[in-house]
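The structure follows.
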Amino acid sequence: MSRRLRMWVLAVGGLGVAALLAAAALRLPGFGGDDHPYGERAVEASLARRTSNTIASVNFDQRAFDTLGEETILFAAVLGTVVLLRQTRDERQVRPAPERVAAPVRRYALVMLPVALLTGLYVIAHGQLSPGGGFQGGVVVATALHLLYIGADYRALERIRPVGLYEVGDAAGEAAYLILGVAGLVGGSAFLANTLLPYGTFNTLASGGTVPLLNAAVGMEVACAVVVLLARFLDQAVEIERSTGSGNDRGE
Amino acid sequence: MNGWLWTATVLLAVGFGPVVWAVATGPVGRRVVAQNFGTSAVCLVMLLLAQGYQRPSYTDLALVLAVLGPVGTLVYARLLADDLSPHPPHTNLLTAAAALATTAVVVAVCAATGPGRAMVKLLVTGALLVAGNVIASRAVSGGYRNAEATSHG
Amino acid sequence: MSVLPYLVAGWIFLAGCYGIATSRHLVHAVGCLAVCQSSTYVLLLAVGYRDGGTAPVHSDLAPGSRPVVDPVVQALALTDVVVGATVTALLLALVMQVAKRHGTVDPDELSELRG
Amino acid sequence: MADVLTVLALLLVAVAATAAVAVRDPARQALVLAVLGLALAVLFTVLQAPDVALSQLAVGSALTPLLILLSVRKVRRRGQREDGGR
Amino acid sequence: MGRAAAVTAELLAWWLLLMAAWLVFISTVDALEGFVGAGCALLGALAACGARRAMGER
């Protein structure tokens, strides 16, 4: 299968797909049309349950089971990365060299770490009111913690970030989501049904029944998952080294 | 399409358009500077769009970008240190332009929103953006490297 | 104009596929896959758009006062952006493993290696 | 009239995506992917999807570049046998 | 004794700063928002002090 032949197969396949996509695009209803049946029903259902951010209501109330699936994919991806990036026999852990970073960058990182953490928590907490939610806020919180790696070196980050705790947090986030679902079942209605808590007053933090709780659970899980992910990547990139002393591994 | 959306369109075309070209071609130093300027340009576009669509809740986007944008540029300054150190880019002109544009947009949007906590939020966003932009571009242009001999992180 | 967003989504998808097929570095191929994924977000959100509509986020909007766009497609795209990032991380971990085992990240060289 | 903004955002995303594919070096591609993330965030805001734009900003500005650059550093170190655990 | 006072003073300073930031971020101020904000600001203050100490020692 020479490279030239592959290029031809790619060209033919690409043109075919392009033609099909163009034909399909021409039959789609025009961009900006007024026919959105699902959208209108979703907005009505979200307002009925007094959740002001309809997207959060769709994610954590009307389609909460799909979000459980998304969250499990995230959990499985992190699990796979942790298994793949473990330290193998022929590798040794090297203490990261201390890195001297310029003073302004260190001060900026020190000031921005809590502010970014607060912004992330704000985005998680107001998931069901203004734009935001557990998924986005979790990533902001995780990135905030890694300002320490940027402001100083990996050793400082390791000191403040016990990976075991975040792995437990990751699992706890997923478990909290499931427990809230089963609580709905135990409460007499369906799994992950939003009939457990009162819907509260519109546009306040406690509105929307279980939506804020599911939001917080997803926020915790995404934050811990991203921290564990970056921990494994930083370990591999900065610390883990092929131990030259022992026999060479097959690849070299 | 009111004046705010027009300004956003012009800023997007004039400010962000060249960034896309500058980040795809040329030396690494210039690419990182272009990415840094792109963050500021998009943050300002977000503020203008929030005002143009009369949706104050969209300013959260500009706030998160003002917090995380410079962090991304510092990641490049840190992990691409080997490629940046031979010929560090000079960024003072672009940083000054970004700071000027930020103050202009923030003042205009604050004037439109009127006094109150929303105005303080806009000022905080603008301050975070300018501070982040200045620190990130100084870090990229090696402004700190010759001040202290640092090994690569 | 009524069909441009769908064509742009198709173009991004094909560009991403071309990138993956002709890539000579596995990390570059993973980046191209991320480009492919973003084409689906463009298509989804273009389908859900309504002229003159605004986001159905009622924290600063009285319900029913303005036409709103479709929130369902936004919910689909929202979760996928974050999950896509973690799947990209998993793929990058696989690339590191390939580099460790075979000492190369060029897909063409990989296909010639045995075992 | 709002079409100008939508068309401009779409074109920026298309050009940035093509650039992200055309740049062959992974470290440089991380930069272009970050700018593509910014262009996507603008397009999503124009299409009135602030949640998705926020999600794209959070992921695309710091997380994806960090992951790609750390992978490139590990793969490059593995390739040229540099040692010293920096 | 001095060290504990210094740490709590710093913690309090960070907490006040972050609480002010929280009050600026939110749109409607009410009891629950303040309570959640106090918790998040405390978390941020702890992270700030931990980061400074972690960065301090080499």
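The letters A, B, C, D and E name the chains in turn, as written, and every chain counts its residues from 1.
The rule we apply is simple: contacts are C-beta pairs under 8 Å (C-beta built on N, C-alpha and C of every residue); 3 or more make two chains touch, one makes a residue touch a chain.
Remember, it's a predicted structure, so these values are computed and weren't measured experimentally.
Any chain that touches chain A and also touches chain E is listed here: B. Hopping across touching chains, the smallest step count from chain A to chain C is 1. Highest inter-chain contact count (C-beta pairs) belongs to A-C. The most distant chain from chain D is E, comparing centres defined as mean Cα coordinates.
A separation of 24 Å divides the Cα centre of chain B from that of chain C.
For the pair chain D and chain E, the distance between C-alpha centroids works out to 33 Å.
One simple way to say how far apart two chains are is to compare their mean CA positions; for chain C and chain E this gives 37 Å. In this assembly, the C-alpha centroid of chain A lies 17 Å from the C-alpha centroid of chain D.
Residue positions of chain C touching 2 or more other chains, listed in rising order: 1, 4-5, 18, 46, 48-49, 51, 54-55, 57, 59-60, 68-69, 74, 78, 81-82, 85, 89, 92, 96, 100, 103. Annotation for chain B: residues touching 2 or more other chains are 53, 55-58, 60-61, 63-64, 68, 71, 75, 151-153.
Residue positions of chain D touching 2 or more other chains, listed in rising order: 2, 30, 48, 50-51, 53-55, 58-59, 62-63, 66-67, 70-71, 73-74, 78, 86. Here the touching chains pair up as A-B, A-C, A-D, A-E, B-C, B-D, B-E, C-D.
Within the complex formed with chain B, the residues of chain E that make contact are 21, 23-25, 27.
Residues 53, 55-57 of chain B touch chain C in their complex.
Chain contact summary for the complex, chain B toward chain D: residues 1, 5, 8-9, 12-13, 16-17, 19-20, 23-24, 28, 31-32, 34-35, 38-39, 42, 45-46, 49, 53, 55, 57-58, 60-61, 64-65, 68-69, 71-72, 75-76, 79-80, 83, 151-153. Chain E makes touch with chain A in their complex at residues 14, 17-18, 21-22, 25-28, 30, 32-33, 36, 40-41, 43-45, 47-48, 50-52, 54-55, 57-58.
On the side of chain B, the complex with chain E involves touching residues 56-57, 63, 117-118, 120-121, 124.
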